Structures are given as structure tokens and as C-alpha cells.
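Below is one structure, written out as C-alpha cells; comments come after it.
Chain lettering (A, B and C) follows the sequence in which the chains are written, and residue indices restart at 1 in each chain.
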Amino acid sequence: MAHRITKNVERETKLELTVNGKPVCAYAGESLATVLLAEGITIFNLTHSGKPRGLYCNMGTCFECQVKVHYLGSTQARWRRACMQTVQAGMQITTGISLSNLQSDQYED
Amino acid sequence: MKPTYDVAVIGGGLIGCACAYYLSKSGAQVVVLERGQINQGASGQNAGSLHFQLEQRLIQNIEMDVRELEFHVGLAKLAITHWRSIGAELKTDVGLSMHGGLMVSESPVETELLERKLQIERSQGLMVEMLDGREARKLAPFLSDNIHAALHCPDEGHSNPRLLTPAFVARATELGVHFITGARVSAVQRANQQWQVTFEADTNTGNRKQIHCENVLNTAGAWAVNLHIPLYPVGLTMNVTEKTAPLMPFLIQHVARKLSLKQTEDGNLLIGGGWGARLQQRSGSWSSNASPHFKLESVRGNLRAAVDVVPAVESLRLLRTWTGTTAITPDLLPVLGEVPQAPGFFVASGGSGFTYGPTYAALMTELILTGTSSYPLDPFSPARFSSLNSFMGQN
Amino acid sequence: MKTDLAIIGAGPAGMAAALAGQECGLHVTVIDEQAKPGGQILRQPPKQFTVTGWLEDRVYREAKTLLNQASEKSAIIWQFHSAVSAIVSPGVHDNFTLIIAGQNGIRELLAKRVLITPGCFDMPVLFPGCNLPGVMASGGIQAFVKCQQLVPGERFLFVGSHPLQLIVADQIVKAGGKVAGVIFAQSRSRMLALLKSPFTVLRNFDKFAQVGAAIGRLYKAGVPITFNQTIVRANGEDILQSATVAPIANDGLIQKTSTSDIKCDRLGICFGFLAATELAWQAGVECIWDAKRGGWITIHDEWMRSTVPGISVAGEITAIAGADVAALEGQIAAYGCASSLGSVSLQQVEKLSVLPRLKVKRLRRFARILTELSWPGASLLDQLESDSVNLCKCEEVTIGSFFRMMQLNPHITTANSAKLLSRAGMGLCQGRYCQYSVTRLMARQLGVSENKIGAFTSRFPAKAIAIHDLLKCE
């Protein structure tokens, strides 16, 4: 499993968010990719034909690391590249679902 | 010398390749000369809508008498029959879907337009049905609450522009049609009762070749040359979203706004409707080689219309905006027929070339081989621009 | 908003260009998709982290100096979290319009000159299992360590042909990760060929020292470094569990009968880099094919001006050569823009450019040797291919189905028309990860040069944008 480097590194604030419904702690400034890998998640989404996919380039070009993100206060979720998106408190992240999935799930404000 | 070919088709787009297929099916010897790659122009770049209702541009933007509109409806009925048989004819998948189309309105004024249209279409026997907003949403729950009414035509749909022309090419090749790509036609001349077509076989070496033929069919669209037919290039914009789960089985059009919207069999949403793009200028004149520059206002306007009609579009990502060039005439009608001053020289270009392309091709084939077509093409004849030719001098 | 010089990319080339442009009196704006300047070489930790001794190796010293200088210049306008979606060439106005996607919608920037310095990305290589979760770009693994301070897995295996994998493996070991091995496709003697010229070694001492120290530490940590070996398959049901490797014989053929499996949960791929030319293509800049130095790379003149008047290029998109060359090219490009805008005289910039040009020439010589030696070779790439492997990972177009499409459509002779028929290149990455293979495969099958096959037409938006965001203005 991935792990955060602690030697010579100080991290500030802790944030709370959920990953697949489970409450998770993250540090401010972390990318979603970091949080998900640190949680032991490797499958980020499923292709249109149902094949599992995970993070590849970690620089925003390959689009393999997309996950569904619901932001606090929004009624819709969106596909985001996990490597390019910084964590925010109250985010709800869903991994391992098909890219065909339209944002049909409704969230309460 | 005996001509090598019955017909030389200039242009490897949909109409050219479909004509080549129908002509050779009737026993003609055919060659197709394409200056670039097959299907690389408007035929492969359009949105692939099959719209049989009278289009927004026909009922709104031009003063047309009822008889002309009726002529269009007649053609639509012919095209419907044609499309229903095209899969079997071509023996291959062309992404054909005919699950119906809705032309929507957002206000009572716009609904009046729909009603006027409905009468003409009904009188000619086109299957269309008026739905109020509630009924429209019942049939198509993805529609916005703002939709006031919709005209439903069960035959409308879409086919895949990437696959249709190649399918005609594959069947035509089996029948012995010669396709020559990278062939830029530089001259078409009449000599000894036949046509002589000169083309550069390879633009890099300037290697010149000539063929002789009974007839020439110029289908080069925006790139048609040699005659004073007022065909003007127009840059158009198309948008495609990422793939998503099945959302809408219908072709959606708007009676008063430029919008066509549908989901392809792959799951992408195609959004178009005639929004402009800026043609590239090269040394003072427009360049037909370069794809037109996209305009942000066009993309935004098009997507705004799509979101207003189908709100779910908003949550999708825009994958690509592409621009293409098409040819239009001053009266926005296609040019189909023999050029009066040049016997044996035919043109076929412009005007809803995708929906009607295969039908035009079948009718043009009749015209070339027998001198007449089973559905009259007179309103589209290049003869209507004859005054221009005499005015500008014959080429 | 208006600017004299819009610089796309805040890596070494962009930072150096910004400094040089600003010193010449230009109003300079730098746009980057990341949160901070530095590019991939200096992917900075987030501002909420305090990292002591960040990238202390000598090899990063020059780039870090540049980063500090650029960050302190208050006259430079930085636009982060911003992706340039399109460069629209002048119509009625004299200015280029950059369409920029930010975090809260779209905005436009008018610029008299545009400098494109988008850098490069890890070259994808096709082999069975290459799309399995757990298979990663080595550069991506490295960015986690540099920036996010994360060891992104448990047990790493590095495979490829580029020496960078030694550096990444070393950084992983230093950060407390396990490395199962570093596998090179080339022979040991071929890699050592770099050391043959004492001048090359002396002039690039820092780089050799870094690699040398890395090898020493890996050796000490018991990490096997092997040569003449290659990945042939990544294994696992849904997630990577092991990698199958095989020896390469002297004739270059993979010995597929004597394979071995290595357990790992992360496989770092390191075969070199591709130039990120999509924006340049979109703007109409002419590119040429160079398989070893980035695939499609841009053409430029002595002032780094592209074939489109007003648009310059610098750094990796002009041919992969590393951060030092990129910075120098950025500097020269900015001088060129400044003199063409009249803010300094041509004589002045000629003088300022003498030394940078000399250095570029020298460094390019080394870069050329490095890219030559790091190139896996067409034969290896060909042998790794298999019909069931995705050519286009986004649209899931397999190599086999692509070949069938080519057979059925002999008229298809360009990458663009192949894209229309096969859907390869139509997905969310917009062809970035299949373009190189499509071009190579088609050229090989048709027996023509890659330049004849051409590239995919690059369109707006350079990266997909949510329609919701596109309809909003920032």
C-alpha cells in the first residue's frame, strides 16, 4: 500500500471527506490521487466496456485516474482527474464506477 | 479513341462515392478522382443527422412558396424509404438509427411555426405528430421543462458519417470502380465528343495523368471548380461530448434556434445545427485545405441551446469542437443535374448532403444513364444559374 | 486581459522566458495547469506542506535557482490551475486570443506573441496488461515523491530503457519504498557508451554523478539492476500483481520461452518521453517526426520562432533534451519576441543570446547521445505488440481491430482518416497516448515515412472541459 513520507515533511490541516461513503482524513494540499492511493485504492474507474483502470501519468494528460467527485453544496457530481484535483473538506468521492455513468445521482445540498 | 470510362466522378465524398456505387451497379465503368483522402471533407465531418421534417432554415430564413416546400417533403419521403433499405443494400453497419426525431419550440410563437409546418408536411403524407410540452416530456423525459411543444417525426434519426461513405466505397470497389486518391483535377476539356480529365497524380512530383470519359460528374462540394455555379464555402461548427450511458434515442432539433442534438451508437452526444466558423484566409482568398477557425461564440451559443433543451448536457464534458466546410448556393438549395451548356457534364453539390446524399446519388444515376429521373430534380438544376454563365462568359 | 507575451507552461523554459521577457520590458503572462511554477522537473510540494531538504541533489540546483528568481519577480503575471484550450490566430485584430479554462470557467487572454513550452510526458509502450491499474509512468511515480510526498505503492518494479528509472528507483528507496528491480532493455555496454567521451562526462558531471550515486545506493539496498531484459506482460485479474520479464538475445529478439515473473504492485514504465505538441498543432505550427526525440516535434528558427508568425516554441516540444536546454531555449525565444516587438534592439538580443546559444549547442550534443542510447528500438516495440492489446486505451481499440480496419480500407493512408474509421484517438486523452503508436504502426504497415502518415488534427479544447464550465465566464 502507498504511504505518506513523514521524514522531513510537515503537513498542516487535516480535512475530512468521504471515499465511497466511508469517512477519510486527508491533509490540505493533497491531490485526490494521493488520498485514494494512501487509502489503498488502485482501481479509480471502469471503462465503458467495464475494464478497471487506475492512475497512470499523474500529470493530467492520460485521463486514466478519473473519479466521481461531489463538492459540498452542489447538487451534481462530476468526473475529475484525481491527479489534478486538490482535496476539499466535505467532498464525496466515488471510485470504481463506469465512465458511462451520467451524473444521475442526486445529492442533498 | 474510345473513352476508358462511362463516368469520371470528381470528389470522393458521400455523393461521389454513392453515385459511383449506383452507376457501377447499373453496369457503368466508373472512376473516382479525389484530391485528398476519401470522405475527408464535409461528408465525413457533418453531424450525421437524418432530418426529414422541414428544416429550420427552410421555413424561417427564406421566402419559399408552398409548392417548393411540398417538393422538399416529397423528397424527404423518398429519402426515408431509401434509408430504410440502406443497411441491406450496403451489407454493413453504417450506425443507422431511425428512432424518431423531435423538433421543439420554447414559446407559443415558435409553436405557431411548428403548426404551419405540420400542415404542409401532413398534406404531403409525411408522418408527423404534434405534442404539447407535457406529452413531449412523457415521450422524452430528458427534455427541459421549458419545452412548449414538439413535432415528432418517427422516421428521423442519424447514421454515422465516418462509416457511410467508406461502406459505399467498399461495395463500389467490389463492382470494379477505380478510386484514385491524391488526384487533383487541373482541367476538364471537351474533345472529340468526349471529356478529357487531366489530374496531378502526385502533388509533390507534378506527375500529370489524363483520362477520357463519356460523362463527368463534379461532386466536389465546396471545392467544385470550372463552371460559374455560385457555390460558396461556409465554415460550420460541430461539438462532441464524452461518451455516456444511453440518454436520448431521438434526434432533437429546434424550430427557431440553430440546434441539432443526438447520441451516437458509441454514446457520444453530437451537437450542431449550423453555427458558423471562420474560413482561413491564405493570400487573400479562403483556403479550402485548412479547416476553418472555430469561434468561441459559436461553440457557446450551440451548447447553450443544447443545455436549454436538454439540461443533462451541462454535466458532460466537451471533448472536441470540429469545423468543416460545406458549400451553399444563394438560394440554399442543392445543385443537381446536367449543365445546359456542357452536355455530359453533371454537377451534384450542396444542401443537406448527408440526409439526402444517397437519394440524390440514386436520382443522379438515373439522370446520367437515362436522361431523366423518377423524382424530378428540375428545381435543383444548374440551369437556374444559366444567366450567370452567359453573363460571366462560358468557361 | 491583454499581455505582450503569453507563455504556456511554467516549467524551466517558461520560467526562463518569463524572466528574460520581463527584463526586456515585456508584459509577461505565464499560464500553467499545475498549482505552482517549476514544471515536471520541479513539481513543488503544496504550499500547506513544509519539506526540509527538498530535491537537494546538485542536478536540480540550476533549475531551483531559476525557480526562485522567477517566483520572486512580481512583474510576472502567473495564471495557475489554468489550461490553455485553444490559441486562436489573429483575425481582424493583431492579437492572438488564448482561450483558457480555469477553475471557475473560461476566460480569454489577448497576446501579441505566444510562446508554447508545454514540455513532455512519459512515452506509453504497448504490451499485454499495460492498462492494468498499478502500471504507471515512471515520471508519474516520481512526481508523487517530489510533490505530494507520497510513496505511491508497496513494491515497485521499473522497466524501460531510459536512465531516469534509476533516479526514480533511488528516490523511492530513499523515501522508504521497496524496489524489486530496475530492468533495462539495452546491454550494459551500450549504456556505458555514454561514458566513452571524457568531455561529455566532464561537461555533464552533475548528471553522471546523480546517476552514479543512485546506482551505488540501489546496489547497497540490494536492488537488482539488470540489462538485456524487457517487460513482456503485466499480470493480475483487476489489479497488477506481477510482471513477466524476458531476456533479449544479442540479435534483439525477446526470448519468450525463458520468462520469469516478478511480484510487484507498481510497475514503472520508463522508455523515454513524448513532446506535448497538441497545442502547437492546433495553432497550425508545422511539426516533423522524430521517433527517438519525442515523436512529433516542432520546427523553429534561430529565435525559436515556429512556422506560424507570432508563435514561438521552446523546450521539450522542439526535441526532448532536458531542463537545461529548455531554459536556454526559453530565454532565446523571449529575446526573439522582445526584439520583434521593438522593446529591445536586435543587436542587443543578438549579444545576449551568444552564450545561451553556445550552451544549447553543447548540451544538445549530449542530449542527442542520451536519446539515442535511451531509445528502446523499433524492433522491441514491434515485438511487444499483440493483437489483443489496446492501441487506443480510451476508446478501447485493439491493435488487431486497427489492422483489420486498415486491411478493409486500403484507401486509408493518414492517421486522421484512420482515426475517423477506427475511433483510435477519439477518447478523453485526445490521442496523446495512441498517436505515437498509430503513426509508427501505419508507417510500418504501409511502408511510408511517418511524415506522410501525419498527426491527428488537434482541436479545441486541448483538454476536455465540462460544458457547465464552458458556459461560465471567469
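The criterion applied here is as follows: a contact is a pair of C-beta atoms (placed from the backbone, for glycine too) under 8 Å apart; a residue touches a chain by one contact, two chains touch by 3 or more.
It should be emphasised that the depicted structure is a prediction, and the values quoted were computed from it without experimental measurement.
Undergrad: Please work out which of B-C and A-B is bridged by more C-beta pairs in contact, and write that pair.
TA: Ranking B-C and A-B by C-beta contacts puts B-C first.
Undergrad: Of all the chains shown, whose C-alpha centre falls nearest the centre of every protein C-alpha atom combined?
TA: Closest chain centre to the overall C-alpha centroid: C.
Undergrad: Rounded to a whole Å, what is the gap between the Cα centroids of subunit A and subunit C?
TA: Between these chains, centre-to-centre, one finds 25 Å.
Undergrad: Could you work out how far the Cα centre of subunit B sits from that of subunit C, in whole Å?
TA: 41
Undergrad: Could you state the distance in Å from the CA-based centre of subunit A to that of subunit B?
TA: Using C-alpha averages as centres, the distance is 44 Å.
Undergrad: For subunit A, which residues are shared contacts with two or more other chains?
TA: 48, 78 - these are the residues of subunit A that touch more than one other chain.
Undergrad: By the touch rule stated above, which residues of subunit C touch at least two different other chains?
TA: 427-428, 464, 466, 468
Undergrad: Can you pull out the residues of subunit B that are in contact with at least two other chains?
TA: 242, 315-317
Undergrad: Show which residues of subunit C lie in contact with subunit A when the two form their complex.
TA: Going through subunit C, the ones touching subunit A are 33-35, 40, 45-53, 121-122, 124, 131-137, 139-141, 143-145, 148-154, 175-176, 238-240, 265, 276, 393-394, 396, 427-429, 432-433, 463-464, 466, 468.
Undergrad: Touching residues of subunit A toward subunit C in the complex: what are they?
TA: Touch list, subunit A to subunit C: 1-5, 7-13, 27-31, 33-34, 37-38, 42-44, 47-49, 51-64, 66, 78, 83-84, 86.
Undergrad: In their complex, what parts of subunit B are in touch with subunit A?
TA: Residue list for subunit B touching subunit A: 242-245, 247, 267, 312, 315-317.
Undergrad: What part of subunit B is in contact with subunit C in the complex they form?
TA: Touch list, subunit B to subunit C: 37-40, 44, 162-163, 166, 169-170, 179, 181, 241-242, 266, 278, 290-291, 293-294, 296, 299-300, 303-304, 306-307, 313-322.
Undergrad: For a test of understanding, state which residues of subunit C touch subunit B in their complex under the given definition.
TA: 86, 88-89, 91, 97, 99, 106, 108, 284, 408-409, 411-414, 416-417, 420-421, 423, 426-428, 430, 457, 459-461, 464-468, 470-471
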